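The following block contains the structure, expressed as structure tokens.
A, B, C and D label the chains in the order they appear, each numbered from 1.
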Amino acid sequence: MFSETIELRGHIIDSLILPKVLDQILTHGAAFKIGEIKIGQKRADQSFARIEVTAETSDALDELVLRLRQHGAETVERANVHLAPAPKEGVFPNDFYVTTNQQTFVRFDGKEIEVRPAMMDGAIALDRKKRAARAVKFFDVDKGDEIVVGHQGVHVVPVQRSTAHTDIFQFINTMVDADEPKSAVIRELGQELRRARRAKGRIAVVAGTAIVRTGAGEHLERLIEMGYIDRLFAGNAFAVYDVERALFGTALGQDPERAFVGGGHENHLRALNTIRACGGIAAAVQKKILTRGILHACVKHKVDLVLTCSIRDKGPIPGVTTDVVEAQKIMREKLAGVTHVLLLGTVQHSMAVASMLAPTVKTVCVDIDSTAVERAVEHQPLQSIGLVTDVEPFLRELAESLAKRSPTSNT
Amino acid sequence: MFSETIELRGHIIDSLILPKVLDQILTHGAAFKIGEIKIGQKRADQSFARIEVTAETSDALDELVLRLRQHGAETVERANVHLAPAPKEGVFPNDFYVTTNQQTFVRFDGKEIEVRPAMMDGAIALDRKKRAARAVKFFDVDKGDEIVVGHQGVHVVPVQRSTAHTDIFQFINTMVDADEPKSAVIRELGQELRRARRAKGRIAVVAGTAIVRTGAGEHLERLIEMGYIDRLFAGNAFAVYDVERALFGTALGQDPERAFVGGGHENHLRALNTIRACGGIAAAVQKKILTRGILHACVKHKVDLVLTCSIRDKGPIPGVTTDVVEAQKIMREKLAGVTHVLLLGTVQHSMAVASMLAPTVKTVCVDIDSTAVERAVEHQPLQSIGLVTDVEPFLRELAESLAKRSPTSNT
Amino acid sequence: MFSETIELRGHIIDSLILPKVLDQILTHGAAFKIGEIKIGQKRADQSFARIEVTAETSDALDELVLRLRQHGAETVERANVHLAPAPKEGVFPNDFYVTTNQQTFVRFDGKEIEVRPAMMDGAIALDRKKRAARAVKFFDVDKGDEIVVGHQGVHVVPVQRSTAHTDIFQFINTMVDADEPKSAVIRELGQELRRARRAKGRIAVVAGTAIVRTGAGEHLERLIEMGYIDRLFAGNAFAVYDVERALFGTALGQDPERAFVGGGHENHLRALNTIRACGGIAAAVQKKILTRGILHACVKHKVDLVLTCSIRDKGPIPGVTTDVVEAQKIMREKLAGVTHVLLLGTVQHSMAVASMLAPTVKTVCVDIDSTAVERAVEHQPLQSIGLVTDVEPFLRELAESLAKRSPTSNT
Amino acid sequence: MFSETIELRGHIIDSLILPKVLDQILTHGAAFKIGEIKIGQKRADQSFARIEVTAETSDALDELVLRLRQHGAETVERANVHLAPAPKEGVFPNDFYVTTNQQTFVRFDGKEIEVRPAMMDGAIALDRKKRAARAVKFFDVDKGDEIVVGHQGVHVVPVQRSTAHTDIFQFINTMVDADEPKSAVIRELGQELRRARRAKGRIAVVAGTAIVRTGAGEHLERLIEMGYIDRLFAGNAFAVYDVERALFGTALGQDPERAFVGGGHENHLRALNTIRACGGIAAAVQKKILTRGILHACVKHKVDLVLTCSIRDKGPIPGVTTDVVEAQKIMREKLAGVTHVLLLGTVQHSMAVASMLAPTVKTVCVDIDSTAVERAVEHQPLQSIGLVTDVEPFLRELAESLAKRSPTSNT
């Protein structure tokens, strides 16, 4: 039998750190013995636990300790991280440590260095001279870069429950199912967005085509006009839908004012052609060809627009990056500083954006598909809300709630 | 090879009768030869086709002709129906003709007798003396009753497209998907309901618990108050939810005004207990214990309330029939004379009610589950609309649309 | 501010009792102070916590303590329960304590009495003379019966993680999503069922119509033949589908051997008629009219068959209770002694049965709808597994896994 | 009132051409008068109809005639197409004719020229000298290219029902719902694939990650080994999953042999890193690093592998085109000559591929989401089947069905 002693610190009970650690130990068929435990008396107090973990093989113990680290466990013996050079450009050394989106520290030369930025699905590159650690993606790495291997010396600090204030994001279960009431959540979300504005937060929306198609665009426009949106992430198709609606009043040729009279793809393709002819969205607004719609509102209100392409697109709007690796770099850049994200009616983009978020970004996902909602928010525990509903009533109610008070008023 | 000649009459092209007949013939591996065909020049004109159908075996031909009859085919040689006595109470003779919900005639003694009412999943009992035919369920039949066997002499007349007017129900595809615009359909539905009122139609709602839980109850109450609802079909659970909301302001203990603060079943059970103590819904209204909510509105506005039970119920409200066969009889009775049905957010009740509708009842189904919507309306071709959406935005928009004009105003 | 001190005992960390209690306190806007805490060093050791809870109003505190009790909290001051007489037959006194399905004790005359059986959504009737407490439904209660009111003196003991053995049911998250591998879970479930047989457990299946329609019936028959099923709960419609398949080889008239050749309801209705003519399932088997299928296997292998009706049924099979309250009584009776339940492809019946289960019944739910699966198992924490998949591959793999070894062999 | 006379030819009844045309006319609020009609007596006979269409405005008539053309209508007066030059590279002239995926002819200089290839969502470029017409995408067009504008002179020939043989694709409704039997369809599909092989058809699979994750990979490998797959289209993520499974036996770190023991993203990222280090899939096979799995089978059996990227990818495998416009060109090229496509468990790729298919490509879509299935096959009427089910039982049953006979044997 092989043993190692780990330590946990913080709000380890109510942020579920200790229960998750014990669950992982049991799930992996290992045993535990709690050596010392100190539970904070009040909400603001820190707790502490020292646990001896025992597994049958050395490999099983190593695998388990890696999992426990991701829930915030530290080993008692603080060793330095191991490093290995990247064998070639774009390739990490074997056994590289795979990052999570949680706050992470590495121990080097006896000191704890924070890995910046926190980013999922990368490696950690360490700069010995600058004593700096950064999370890197494949495209970031050059031959010879020193990369953390194994997990020794890595310390993850999971997001914990705030002690100051219980906002709507900080519950254990924050899914609102299709048949549950949503008004209270939407209203509190409105208040949170107001607070965010006052605190100079940055709010991003990830927008799916259903917003335009179901006629919810006007509500999103109101949010933009009221100054609640700083960045808008969407697919090329979303942009084309919005332009089609603005130019022709239709969605895939269907006039929303005429029930069951289907249209064809003509207007959609022509909208795309028009923007291509203009040379892009901003140019189309400038030329007064695009005079309404969500994109128009974005240009007018200086919302940063990040459009990306997929193999389903009928053709790119000028200026859109068609290379997905380039697009990811741009998205990552544009997500820096964002404090709140609304993921609205688009699985594909929501998952892409969600995988790039820092763990403290407050995240709301709205979709009619409950599985999609769960997945989109699973990496933001204690920071996310999922609502299973149509995107139209959500946006309408949010816009109405925000319109009642100006963004600068107190809550 | 075995052949039989069939005839089709009516709007056999645009009501899809001829195409469906040819599709059935091909699907069954049989062959056809069109003997005579006359296509109406204009929309109002009748068409006619005489088709010789050939199959490999006599049984296959018989099975095929049965299917074709259900699409409106008549055999050229008009024979009388065959009859056999019911062998005992509640049991039909072998090979009894199984009814559809389409208008059906039987030939007896050389005359065509209409089967009344048109009702699915029953048999046809013929009264020789009265020369009357009626569709009967198992529980309707007594030993010795004369029941139609085989399908000779049976003539089905499918619903055809109206020639006078194309309303929103009369399209081939009337499903509105989750990401399609719904406002135009809801607005036209509102106009249809206004027309229905003026024409002394009867409108029924089949209501699921999500209406109460999502807070859409107020919109349904407005419809009731404006006089648009004549009958309300629901489960016992719907009633208890509405009472819980009215008495305690909660749904399954959850206060819709407090985000994520879950409740328990206590208020739900206590609401049920209160109604049981009162002796029923009407009594609770009379005693001024139940002073708001949908059921209260039903009692006040004399909406006929049909509540049924299921094995999931926590206990019956007094007056509710707990026997499902009895409940079906009551439902059938209460659906007589109904001209429009809204099936809202409840698969179980929608399917039950849908199976009892005459083919001319205009039917709207609203649910977040597209498969459920499709099934609920499949027996009402050219008379139904399906909307895949939350029930809350649907009811809100319908109520707003109807509130703009009084029910008695012209469209 | 109002305070009360509660105590928690048992595996309060890894069974999530303490975290859930703290979460409830925070969610309700209350505060806590942990007075004393003792955490068991090893898995088998008990833990203990004493917590002072403070809320703003007396009512809020009372509501909160009720919630905490349901997670296993006891108040320090052990008072006797309060009792009130039932005002009339079938009606509980106001403010009756609403039962959960967890093990529950009431304090009466200074002694703790266990409420038997543990049953959800009822009240607790106390017999002073016998010093016995039982959970009662509305239909169980007579005028004057003494019923527990409020929640003083009630002590709930939630199911905790076993200390002896970690079986597949005892994880915090036991949902297997549509795109996750299922073989390992199914194989371990097979081993669990083998163990159950050896330990004289009782296994019940709740069976939906999709089992018959998708052709998975043969796999269920194998389970029955191998002796793994003791009770089968299903709807009347399931029975009729199985008979139709046995008599005609079709499902709703559709021959599974002929692609896309749809049938009609005729065979379905005739199957029902045949069983009615025979006088029931057992009679049809005896008369050698029903010679194959699931029901036939049930009769041959003496599986207890519990069929219930719904308003969607086309007509009851003889012997089936058509009254839902009566049906619930029979179901409750037939679930006594059951140790394992498989809920297969039927939301309606699964939810009904799930609401009647003791908290220790190991429960597996299989359905293509993830929301349905979650709801069906939510009342069986640490005792349930949910698999989002078609019921056919699940049953096939389970039958294959069990066929590899005889039920009497060791694991 | 404005009128135009149109003509229809072919199997206009059983291929639903005439009914759809009449439905469009009614839906658009227009009127019709059938001038001449000749219905083929037998299945192989052609039919003909001449119809005068009347609409209220010239624009409405023009819009309607465009729709009718897409169902195969020709105007009686055969005019030449109108042409306009592309205003700049990558931009079509205003009012360009938007192509469908149906066989299309343009009339130029009094002659009918077929547009090749048939391709959706493009324009038609006409080469006067070569008298050739081709469908072009935005990226195909150069400044000054002559492009068809309006719809005059365009003639669409929709796919019609074969007269020789009714295969499983040629039914009006070819959706198999979750609760319907699938064996017969899968068996007939197996026979179709055998016929396809003998006839030198080309079979493509579009593969989603669920195939690997649910353990269905082995069945797909068998299909590859038996020689039934010519091309495999998938996302980068599918490839990484397959490599992770091959190298580590896990999927997202989860060992399919250990129930509920979740893993992390480490193995996934390391699998990706390994392939990057190798320099690609083929190199990894050559170096004997990748020795099993689907990609390995593809390399060994010379299946053409087309991998594309999305913004959700964690990093591209070497050799994968990261530019989506380039990727589309490659996909289009690799789809040339394909006669059968299986779209398995991936909405995103299925929709992308489906939009590039010629109308005669026989298409099968399998997914657990019924809406996705419907959309993936909607552009292949009379040539497609949709099955709502898990991809695992589908692939297993198909592989078993094909393994029973060798691909070269007769059906």
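What we mean here is this: a residue touches a chain if its C-beta (ideal position, glycine included) is under 8 Å from a C-beta of that chain, and two chains touch if they have at least 3 such contacts.
Keep in mind it's a predicted model, so treat the numbers as computed, not measured.
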When B-C is set beside A-B, which has more C-beta pairs in contact?
-> B-C
For subunit A, which other chain has the most distant CA centre?
-> B
Using mean CA coordinates as chain centres, what's the subunit A-subunit C distance in Å?
-> 37
Rounded Å distance between subunit B and subunit C, as computed from the means of their C-alpha atoms | 33
Taking each chain's centre as the mean of its CA atoms, subunit A sits from subunit B at a distance in Å of 45
Contacts with 2+ other chains: residues of subunit A = 27, 171, 178, 260
Subunit D residues touching subunit B in their complex are 13-14, 16, 18-20, 22-23, 26-27, 29, 31-35, 37, 39-43, 49, 161, 166, 170-172, 177-178, 370-371
Subunit D touches which residues of subunit A in the complex?
-> 27-28, 66-67, 70, 87-88, 90-92, 94-96, 98, 100, 120-121, 137-139, 260-262, 264-266, 269-270, 272-273, 276-277, 308-316, 322-328, 331, 348-349, 351-352, 355
Residues of subunit D touching subunit C in their complex?
-> 168, 171, 173-174, 178-185, 187-188, 209-210, 213-215, 251, 254-260, 345, 368, 389-390, 392-393, 396
